[in-house]
Amino acid sequence: MKAQATPEQVKAVCDHIEQLGFRAHSLPGAQRTAIGITGNQGEVERGNLEELPGVAEVIRVSKAYKLASRDAKEDNTIIRFPGTDATIGGNDIAIVAGPCSIETREQAFTIAEKVAASGAQFFRGGAFKPRTSPYAFQGLGIEALQIMAEIRDAFGLRIITEAIDNESLELVVEYADVIQIGARNMQNYSLLKKAGKTRKPVLIKRGMSATLDEFLMSAEYVMSEGNYQVILCERGVRTFADHTRNTLDLSIVPAVQRLSHLPILVDPSHGTGKRNKVIPMARAGVAVGADGIMVEVHHEPEKAWSDGPQSIYPEQFASMMDELEQIAAVLHRRVPRGIHVEAATA
Amino acid sequence: MKAQATPEQVKAVCDHIEQLGFRAHSLPGAQRTAIGITGNQGEVERGNLEELPGVAEVIRVSKAYKLASRDAKEDNTIIRFPGTDATIGGNDIAIVAGPCSIETREQAFTIAEKVAASGAQFFRGGAFKPRTSPYAFQGLGIEALQIMAEIRDAFGLRIITEAIDNESLELVVEYADVIQIGARNMQNYSLLKKAGKTRKPVLIKRGMSATLDEFLMSAEYVMSEGNYQVILCERGVRTFADHTRNTLDLSIVPAVQRLSHLPILVDPSHGTGKRNKVIPMARAGVAVGADGIMVEVHHEPEKAWSDGPQSIYPEQFASMMDELEQIAAVLHRRVPRGIHVEAATA
Amino acid sequence: MKAQATPEQVKAVCDHIEQLGFRAHSLPGAQRTAIGITGNQGEVERGNLEELPGVAEVIRVSKAYKLASRDAKEDNTIIRFPGTDATIGGNDIAIVAGPCSIETREQAFTIAEKVAASGAQFFRGGAFKPRTSPYAFQGLGIEALQIMAEIRDAFGLRIITEAIDNESLELVVEYADVIQIGARNMQNYSLLKKAGKTRKPVLIKRGMSATLDEFLMSAEYVMSEGNYQVILCERGVRTFADHTRNTLDLSIVPAVQRLSHLPILVDPSHGTGKRNKVIPMARAGVAVGADGIMVEVHHEPEKAWSDGPQSIYPEQFASMMDELEQIAAVLHRRVPRGIHVEAATA
Amino acid sequence: MKAQATPEQVKAVCDHIEQLGFRAHSLPGAQRTAIGITGNQGEVERGNLEELPGVAEVIRVSKAYKLASRDAKEDNTIIRFPGTDATIGGNDIAIVAGPCSIETREQAFTIAEKVAASGAQFFRGGAFKPRTSPYAFQGLGIEALQIMAEIRDAFGLRIITEAIDNESLELVVEYADVIQIGARNMQNYSLLKKAGKTRKPVLIKRGMSATLDEFLMSAEYVMSEGNYQVILCERGVRTFADHTRNTLDLSIVPAVQRLSHLPILVDPSHGTGKRNKVIPMARAGVAVGADGIMVEVHHEPEKAWSDGPQSIYPEQFASMMDELEQIAAVLHRRVPRGIHVEAATA
């Protein structure tokens, strides 16, 4: 309440709160009176209160996400991949590597073979690409999914790829191991709900201007439909800074880990947009405590159909793996080298 | 190129550009050499060039949008509504008013009657609501669309409402006069393309962290499918500033008008999130030269199911109309009072 | 407090607060317990509390500024200029115009004559320039101040110019009517305190990333030294948006007016950095309710030594004055035309 | 140039550029003509060109900083501290630790003893504090400097402390080993020039909204006065993100190292503002390749007079040193343990 608020105004606000079905607690202070609200299950619309006579400001205290919160589940969520030893969210650091886009069967296999040889457990590759320009390459679609399914058979790598709408989601569920929701779709709630109705793990990339709360609320959308296998991924946010394409916000890793039980990866490729900054930021991602690294690798980035400049070479990926392994050890974590697939499911 | 770049490095970069099918122009300067690229139809991947030896920086000069550009069409686009005298993008200022969400038939009609009486030509109301929380009210859906269709019949008001996915888009096309694409879906390219396949005007709200280029590229997505009736809407961007819910970026109005022929509205309700700032910013929107104002009005905002705090009262709307009319006159523009509907189509 | 917090933890936090000399109020809620703190004069260090066992979050409720607040003084502050009819903060809109830098006596007089003829009451011109590059023109210094003093004598215009350190502040106090503190120095507290020890009005430009609170706290620094004549000025903040040099945040005008009694001007020249956006944003500034407009004018901007591209021509200034006058009238305010100086003080 | 620009307009722009004393290079492209400008020593005012008929956009290519650039000096700058083996910018990682503010002789000695015992080579402590509120503790001033000089004698630690104006700068030069310029003063050019006239190393903290260019230009201000011993320090920038006090932008470390020869440190205390995020981000800072870490340590943070919540405990500092040492080893760098001071100078 404002300093000049009258006792009548304080009472009117309390009455209003009670009418809304909540409890109001009046707290007289040295200079002004504060009023606490409890008993609300969801969010109270702050603006109406703010407009009542004598009110100075309305401040929200409790969080709207429930299932994504450590209040609901104290232990870390560990995502498992049946028939393999791969996990995301446990002690192992998940390494996800591959090209921005699947361009040809040959390109995809060349890169997959190399990243598998260096020990990656997960393969990423775009089949459906959300591009800023309608005139840019939009992905190979189902053909790319089929190529990636063959890559899983050939190298054991588990497949992560993006769904951009309901149609592509159905296909991704059929062919891939993890459904990726891109940054531009982080608040495409219709898509999130569809993903929540599947039983495949969902990786949600942080939107370019998403707060921590909004990020966790997008996870909550998936979880509220019954799919609790959610993985978060920091990929840079939009700021005034112009030396990188986005500003990779590594501090969100410990912030997520404090509030939520969900695993969180870091994507230094989109996070920086520049090859020469990818490996330093990947190292920083493991050092800050991320549960995995998602990185773009291309053997001929200068010929890549998209995002070439931020893709690292396979040899760079190999030496990066060595560095990440050593840094993980400092945190008593492990970078597993290669995936073990049971005969029956291979 | 870097200051220390050798002639061989300059030549290598030029050769690389020519191999990509473009033309390279070497420009020796006092301190360093610049290389110009022409002949490209779309964007050149800047990163690969940036990684070549001797290269200091790659700078993009031309724009990727074509149809949305004044280069393609010099005259302003004027959206017309058959059977009425309403326009968006001409000399008249379009006033769009209504509640955040359609809650009940009675609520919607009460508000519609009042805003029509004050002279609004367009009615807005949410049927499908993209809410941050999965537990919040998500809209009445088709029932809301039916109520708005009745409002059109009763008051002549043209209807603007948001589509959030393919299913809702099909319904919105059937019932409404303008399809709104919300800020969270500004880069939902799948939805934009669907909207581009319809023949109803599409209003695109600026994403919370969208640059001017990205905003126009979203318009380009719709136009590239053959639907040229696109309206832009500034509704605030996300910044560090915490005194409003978003930072309403009014300077994008003259910026859009310089580069594009498309009309642009301003939404001071979402742009500020606070009732006491809506009218001042609406006045500023008309003063800066916007083609219209989109504003939330509710007769009982303290009971509104969503966004109550940013909704103005009908009486405030009435006096705002008077102010906007006077400010429009300073710019030799008109705030039409009421919509005229031809008998045949009414 | 966290949902799992024990009663012992709640008690420990309360005890800790009491030890700090404040009062603690325990507020048990449906899901968690909130604890209110009152009795503090200044800010409580939130972090220490946040680290206590069981604490979820610490939220600040009251403000640290006192003298700048409407709680301290309900009526608007009106700055008067002895011997003239000019005011800032009253019903009149203050128009401040002039070149970015004083370059020569002739340049300054040419511009001053033109803006005076169009009715400006205040003349701005840089004598000491804070430039990003050490190699750029840094201002004429005292020579510029002397030229501006002559301009006051010749045209009656009151002089506003920037001080960048203690030395220049002493000179500015001697020659000018208003001491300007630039955006880069908004948190140069040493300089603010010096300005607070003078008895000349102080115009503080908002820092490029200053929150509303920080902005008012900078005013508080000046006021806490006994100088209550403070004028605020919005000049654009730094965001991701790249279509203007800065993002002019007009919504801070009603926000300041709600919380503080101090007048606030808008500077559309620095706020946009582009001539073609200056006048639209000046109109918007008056429409939103600002107490004045500060604008750069140059008769030969293409030859200006600094900021030419954002300077408008004198003829543009003249027609802008007409537009501003008409918009001010809509808000029942006046754009005075010319300054009246009493014979004795002229 | 715009697509519709006439040959006459192109020629007019070229002539204008030549009149400014530069060279113009016309570059006809498929859709439009570009014009390159060379021969300029400093920045060309882009705005005037942008206003010429037919001009679409003006884009800057070369950089304004010279002395700070790798173009001027290819090898890394290594700052040495006479009479000791401490360096900043070489292979060793510089560890700077101490309280936010010097509160008492006992407090400072207690902390200094502990951080020295853990191997820090540099001691930080505020004597002159730039505080947002004029009512907050402003530092002990010269008394704090004297205490830190004693700490240097007692433990060998080199002293880094902030100067906030000319008066404090003179004292800091006398007592300390490194002059710190705080984030709020990064563009206080008067203070930077003063620091450039001294012969003590200068540590410049990045401003809260400073671009990479502006950061390096602030270094250029110091260097242009003849003092080449400049150290940069990333301490977080201001963004929309609200889970940390600032957003620590680690990608600026490789960005600075690519463009400049100057060393760069990372400050995770101010960069996050929360104790539980300091150590993860310190690890990330070393992993990304920073030349040092600057961290706040307090044995009783809950009683600290400022910034307690972001200070780590001495025991946390000790274990952090072990982690940083191991991560540094992955990058083939060393975290030296303790400083060796020559007898003569001790």
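When the chains are written out, they are named A, B, C and D in that same order, and each has its own residue count from 1.
By definition in this document, a residue touches a chain if its C-beta (ideal position, glycine included) is under 8 Å from a C-beta of that chain, and two chains touch if they have at least 3 such contacts.
Since the structure is predicted, the reported quantities are computational estimates derived from the model, not experimental observations.
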{"item": "Contact-pair overlap exceeding half with B-C, pair selected from A-C, B-D or A-D", "value": "A-D"}
{"item": "Chain centre separation in whole Å, for chain C relative to chain A (CA means)", "value": "40"}
{"item": "Centre-to-centre distance between chain D and chain A (centres being mean Cα positions), rounded to whole Å", "value": "31"}
{"item": "Centre-to-centre distance between chain B and chain A (centres being mean Cα positions), rounded to whole Å", "value": "27"}
{"item": "Sites on chain A at which at least two other chains make contact", "value": "41, 209, 237-240, 276"}
{"item": "Pairwise touch network: line, ring, star, complete, or other", "value": "complete"}
{"item": "Chain A residues touching chain D - in the complex, by the definition given at the top", "value": "209, 211-212, 237, 239-244, 247-255, 258, 271-272, 276-277, 280-281, 283-289, 323, 326-327, 329-331"}
{"item": "Chain A partner contacts - residues on chain C that touch it in the complex", "value": "2-4, 23, 25, 27-32, 34, 36, 38-41, 57, 59, 61-62, 71, 74, 238-240"}
{"item": "Chain B to chain A touching residues, read off their complex", "value": "16, 41-43, 45-48, 50-51, 64-65, 130-136, 164-166, 168, 184-185, 187-191, 193, 208-209, 213-214, 217, 220-221, 224, 237-238, 273-276, 301-302, 304, 306-310"}
